[in-house]
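Shared between the two complexes below is chain A, which pairs with chain B and chain C, respectively.
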Partner chain A sequence: MNGRIGLLSNNWKISLYLLPAFAITLLLVGYGTWSAVAQSFQTIDGEWTIATYAELFSSDAFFHSLKLTFRVAILSTLLSLVIGLVMTRMLYELFKVSTWKLLVWIPMLIPHFVAGYLVFLFLSQSGLLSSLLYQIGALENRANFPVLVQEEFGIGIILTYVWKEVPFVILMLLPVYYEIDHRYSEVVRTLGGSNWDAFKTVELPWLLPVLIETSVILVAFVASAFEIPYLLGVTRPEMLPVRAYEWFYNGDWSKRPLAFSAMILPGVIALLLATLSIGAVQKHRLRMIKGRSR
Partner chain B sequence: MRLFLKGLGKRELATSFMLILFIILFILPFVTIGLKSVSVGWRWPALLPSGLSLDAWRSIMKDPKLIESLVTTFKVAFLVVLLNLLLAIPAARALSHYMFKGKSIIEGLLLSPILIPGILLAMGLQFTMIQFGIADKVIGVVFVHLIPTLPYAIRVMRAGYERMGSSLYEQASVLGAGLFTRFFTIALPLLLPSIRSLMLLTFVISLGQYALTAIIGGGTVITLPMLYYPYFSSSNDAVIAGFSILFALLPLLFIGFVEVMMRLVIRAVNRV
Partner chain C sequence: MNQLLQCRNIYKKFSNTSILQNLSFHLEEGEHFTVVGPSGCGKSTLLRCLAGLESLDEGDIYLREKSIVRLRPENRSVVLMFQDSLLFPHLTVLENVTYGLKRKKVSKTERVRQAERMLKKVKLFKWKDAFPHELSGGQKQRVSLARALVLKPDLLLLDEPFSSLDATLRESLRGEVKDLLREEGITSLFITHDRDEAIEMGDRLAVMFEGRFIQIGHPYDVVTNPSSMESAKIIGEGLALEEGFIPISKLKAIPVQDKPSIQDFTFVSGKVSAITVKNNIECYRISWELGSVLAMSDNRLVVGQEVLLSAKREEMKKYSTQKDQWGLAQ
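Let's look at the complex of A and B:
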C-alpha cells in the first residue's frame, strides 16, 4: 500500500485514524497523571511542598499497605499464570470447538465484585464449603473453619483474582498455542526428552512474550484495583487503592494530597516493571529472529 | 464404568478431569447463586435451601432506585461501547496496516492506561472535570470509563485487523470501491468476531466500575455497582444473590441486542 488510494495521502490518513484515540488518551493519561502528581506535591492551599511524601514514608501503616498490595498482586498473578497455563496446555485441543471456548468467557462476563461475592459465599466461615465439611463430618463447628475472607493476608482477595484472571490468562495463551508447531514436541519426545523438555524447548520460547505481557497487565491491574479489596479486605492493613480512596473521600480535604501520593508509588513500580520486562521481551524476540538459542 | 475408564488413555483421563474441574470452578457457582436468589432460609450448615420463593426478586424489582440505576448503567455502558468502537477501529486500522515514524511511542501511549492506576487518573481529573462542569454527569463518567476500556478495545481490534490482512481491501480499492463500501462490505463482516468481543469486553468492564464512577459521578450518577455495595453489607443473602445474577444477565442481554442490531445492519448493507 504505497501509492495513494482515495483522496488522502497515507500520512494524512494515518494521522486522521489515530488522532481521536491519541488525543483522548493523552488527555486522560497525560493530563490526569500530571494533575495527580502536581496535587501530590501541593498542600490544599496550593503551596508546593514535599511534606506529603515525608508523612507517607514515615508511616508504618503505608508500608504495611504497600507490602500487602504487592504481595496480593504478585501472588495472584503467579497463581493465575500457572493455573491458566496448565489448563490451556491440557485443554487447548478442546477449546478449538467454540462451544467449549464459550465456557472460558463465562467468568469474564461478570464484574469483579460479583466474583468477590462468590468467594465470600463459598469460602467464608459460614459459607458453603464449611457447610459441606460439616455435613460430611470433617468439621465440628463453623468456628473451626479457617478464616479465608476478610483477614489480614488477603487470601480471599487473592482467590477472587485467581478465579477471575485464570480465564483471562487462558484467552491470552490460546492463540499462541494454536500457533506453535506441535510436531516439534513430538521430535523432543522421540529423541528421549520428557514432557518438561518439550515444554521448555518448544512451547516456552513462544509463550514467554505473552506470559510476560499478561503478568505485567495483571500485576498493574491488581495493584491498583479498588473493587475487590474494598469488599473482602480488612481495615488494617488496607490495600493501597482502598486507603487512597478513603483519603480522597474522607471529609478532611487536607488528606487529599496523601491519596495522590499513595497511588503514585504503585503506578511507578508498575511502570518500571513494564519497562524492564518489555526490554527483556525485545531481547528475547531478537534472539528468536536470529535463530540462536544463546 | 471401569471398562469406560480403561478405554481412556492417561492423557484423556487427565483432560476430562481438568474439564470437570473447570466446570465445577466456573459454572457451578452461577447455578448456586441462581438457586440462592430464589431460596429462603438457606443457612449454615444446610447444603440446600429449605424452601423456594421469589421474594428476593420481588424486593429487588420493587426498589425504585434500582430501575433508575439500571437505566443509568445502560446509558453509561452503551456510550462507553459506542465511543470505544469509534475510537478503536480507526486507531487499530492505522496501527495494524501502516508503518510510520514514532509508531512505538504512540502504541505505548495508547496502552499506558493499563499500567497507570485508573483510580489515580480519575482522582487527578476530578477537580478539572468539576471546573468544566462534566463531573457528576453521565458524560463525565463515560469519559473516565474510557481509561480501563480503550486500551483493550484497541488491542482486540488490532488483532482482528492483523488477522484480516490487507489483500482483500486492496482488491476492492483496485476495483474502485470507496472508503465506506470497503468498510461495510469487507472489513465489517470480517471483523465481526473482534467487534463482538470488543463490545462485550468494554460493556463488562464498564459495568464493573465502582471507584471511577464514584469519584467522577460524585454520588449523583448512580450505576448498579453503587447499589451493590450497600446491598452487600445488608444481610439478606437471597437479595445479594439475585443482584449478582442481574450483573451476569446484563452482558448477555446486551450481547443479544447487539447481535440483532448487527444482523439488521449487515442485511441493510447487503441490500444496498
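Let's look at the complex of A and C:
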C-alpha cells in the first residue's frame, strides 16, 4: 500500500514538473492549431462550411504544389537518412570525441533562411562556385553552370534541407549505435554471414524505429517549412507553405481559409504517419529491448 | 584419430602486451578439449583468433591440414558460442536456429527440417515460435547451442557459455551439452575459469597462464599431478607449495591444540573460513594470509577455529620438469 502511495505521489510530482511546458504547448500550439482548423472550415464571415476544401481539391495549382512539396520532402528526407546513416556507421567511433561531433552539428546551429541564402550564394548561376569554375577555366561561360536554385524540380531546396538535416539524423542515430552490442555482428560472422548480413541482422533492426521516427519528423518539417522554398523555389509551381503564405497575405481576405486548409492537409498527413509509425515500431522496439543479451 | 586442428607457435599482442605467446597445440577429430586459466590469461583471445575475429601476429592455424589464418570468419568451419546467448531478439527461436543455414543457402524446407531436429535434441521444439525474451537464461543458451550445432562445424568454440547461469542450471547443462556434442560428433574447444567445469567438459585439459599452456593432459592427471606451482594453483585440488603439491585427500586439518603425529609435517597454519561438503565428505576451507585450500579433518571443526594443515612429507608430489613435444612440462 505504501508503495502505491509512493508511486502515486511520484506520478503527481512528475505531472507537476511537466505542467508548465505542457500548458505553454497547449495554449500556444493547441490554440493555434484549433484556430487554423476552425478557420479552414469557416467563410470569411464566420459561417461553417466545407466549401474551402472543395475549392482546394478542385484546384490544379494546389495538387501541383502538393506533389512538389511531398517530392521535395520525401527526397530530402531519404537523402538525409542515407547520408546520415552512412556517416554515423563509418564515424561513430570518431564522434565520441566532442570536437568531431560539434563540427558535424554546425549546420544545425545555422537558421534555415541563412542556410538557404548560403546555398543561393554558392550554387546559383552567378554564385561563388560558378565564378570559381569560370576563373579556373573549367567553365567557358557562367551560364553553362547547371541551374540548381530557383528551378522547378527543387534541387536547391533539397540540397539545403539535406545539408541541414544530415546532422539531425546523426544526432538521432548516434545513441543507437552506442547502444548496439557489436558482439552480435561477430555472431553473424561466425555463423557464416557477411558484413552486409551483420548490418541487416544486427544494426538495422535497432535503427529501424529511429529511422522511421526521424523520417516522419523530417517529412513533416520539410512539408510545412516556409523560408527555404520561398528563397530557393520558383513562382509556379511553389511548395505548399509558399502558396499558403501567398493566399494568407494577398489582398483578398476570402483566400485566408484556403491558406489554413492548405497547411492543415500536410499536418493531418504527418499526424497519420506519426500515429502509424509509433504503432508499428513500438512492438518491435520492446521485443528488441527485452530480448537482448546483457 | 586424425588431427583436426593444429596451432603452431601462435603469437598475439595488443599494443605492447603479449596475450598469446608461442602457443602450440593440436586437437583430434571428435575430441573435447578444455582450457582453464585465470581471467586475463588469453583464453578468449585464443578463441577469437581461432574463429577469425582477431588476426595473429605470428604463427599458423591448420584446420584439416589447411591453413585458415587468412580466411574470414564466415569462411571458416568454426563457430564461436559466447558467454551470453546473443540470440537475435527480433527473430523467433526457429529463425535464430536456421540463421546460419540460410547464410549457407540451404533450401527453406531443409533448413527448417534440420533446425527442428536440433530443437528437439535441446528439448525446445515447442518453443520454436517464441521470441528470445520469452525464454529463460538456460533455454536461451540451449537455443544458442542448437544454432551453432545445426551448422555441423568442424570445430565448436565455447567461451564460458554457462558463466551467466546459476550453479544448479550450470551443472545440469554441462552434462546435456557434453552428451549432445558426442552425439553430433562435434570437436569442441571449451574455455572456462571454473575448475569443476574444466574437469567435467574435457577429454583433455590445458592449463593456461600468461598466454601459454603450462600443462596439457588428461583432466585427472592434471588435477592430481600438477606440473608447476602455477598449474597447481589454477587447477590442482590440494595445497600448492613452492617445492611440491599435496593432494586434498592427503591433507589433514588439525586443531592447533592437538599435536600432529610424529610422521606428519605441518605445512601451513590458518583458520577455518568455511565449511562445505564435497563428495559427501565434510570439508573445511582453510585460509591463511597467502591463500586458501580445502582440507578434510578427523575432528569436527568450526568456522574461525585455528588449525594446522598437515600431511606426511612423502605425500608431497614434486613438480615434473619433463617436457613434452610442445615444450610443456608433463
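Operating definition for what follows: the second predicted complex is superposed on the first by the 265 of 294 C-alpha atoms of A that agree within 3 Å, B and C clash if a C-alpha of one lies under 4 Å from a C-alpha of the other, contacts with A are read in each partner's own complex, and residues count from 1 in each chain.
Operating definition for what follows: a contact is a pair of C-beta atoms (placed from the backbone, for glycine too) under 8 Å apart; a residue touches a chain by one contact, two chains touch by 3 or more.
Predicted model, so just to flag it, every value in this text is computed and none were measured.
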{"item": "Touched partner set for A:G192, first chain B, second chain C, both or neither", "value": "second"}
{"item": "First, second, both or neither for A:F153, with chain B first and chain C second", "value": "neither"}
{"item": "First (chain B), second (chain C), both or neither touched by A:Y53", "value": "neither"}
{"item": "Touch count on chain A, higher of chain B and chain C", "value": "B"}
{"item": "Which of chain B and chain C A:F41 touches, first, second, both or neither", "value": "neither"}
{"item": "Partner chain in contact with A:P107 - chain B first, chain C second, else both or neither", "value": "first"}
{"item": "A:D181 touches, of chain B and chain C: first, second, both or neither?", "value": "second"}
{"item": "Chain A partner contacts - residues on chain C that touch it in the complex", "value": "51-53, 72-74, 78-80, 82, 84-90, 99-100, 103-104, 131-133, 140, 147-148, 151"}
{"item": "Touching residues (chain side chain B, partner chain A) in the complex", "value": "14-15, 18-19, 22-23, 25-27, 29-30, 32-33, 36, 43-47, 86-88, 90-91, 93-95, 97-98, 100, 106, 109-110, 112-125, 127-128, 143-144, 146-147, 150, 154, 159, 166, 170, 173, 178-179, 200-201, 204, 207-211, 214-215, 225, 228-229, 232, 240-241, 244, 247-248, 251-252"}
{"item": "Interfacial residue positions of chain A with respect to chain C in the complex", "value": "181, 183-184, 186-194, 197, 201-202, 205, 284, 287-294"}
{"item": "In the complex, chain A residues that touch chain B", "value": "1, 5-6, 10-11, 13-14, 16-18, 20-22, 24-26, 28-29, 31-37, 39, 87, 90-91, 93-94, 103, 105-114, 117-118, 121-122, 126-128, 130-132, 134-135, 142, 163, 167, 175, 216-217, 220-221, 223-224, 226-227, 230-231, 241, 244-245, 248-249, 259-260, 263-264, 266-267, 270-271, 274"}
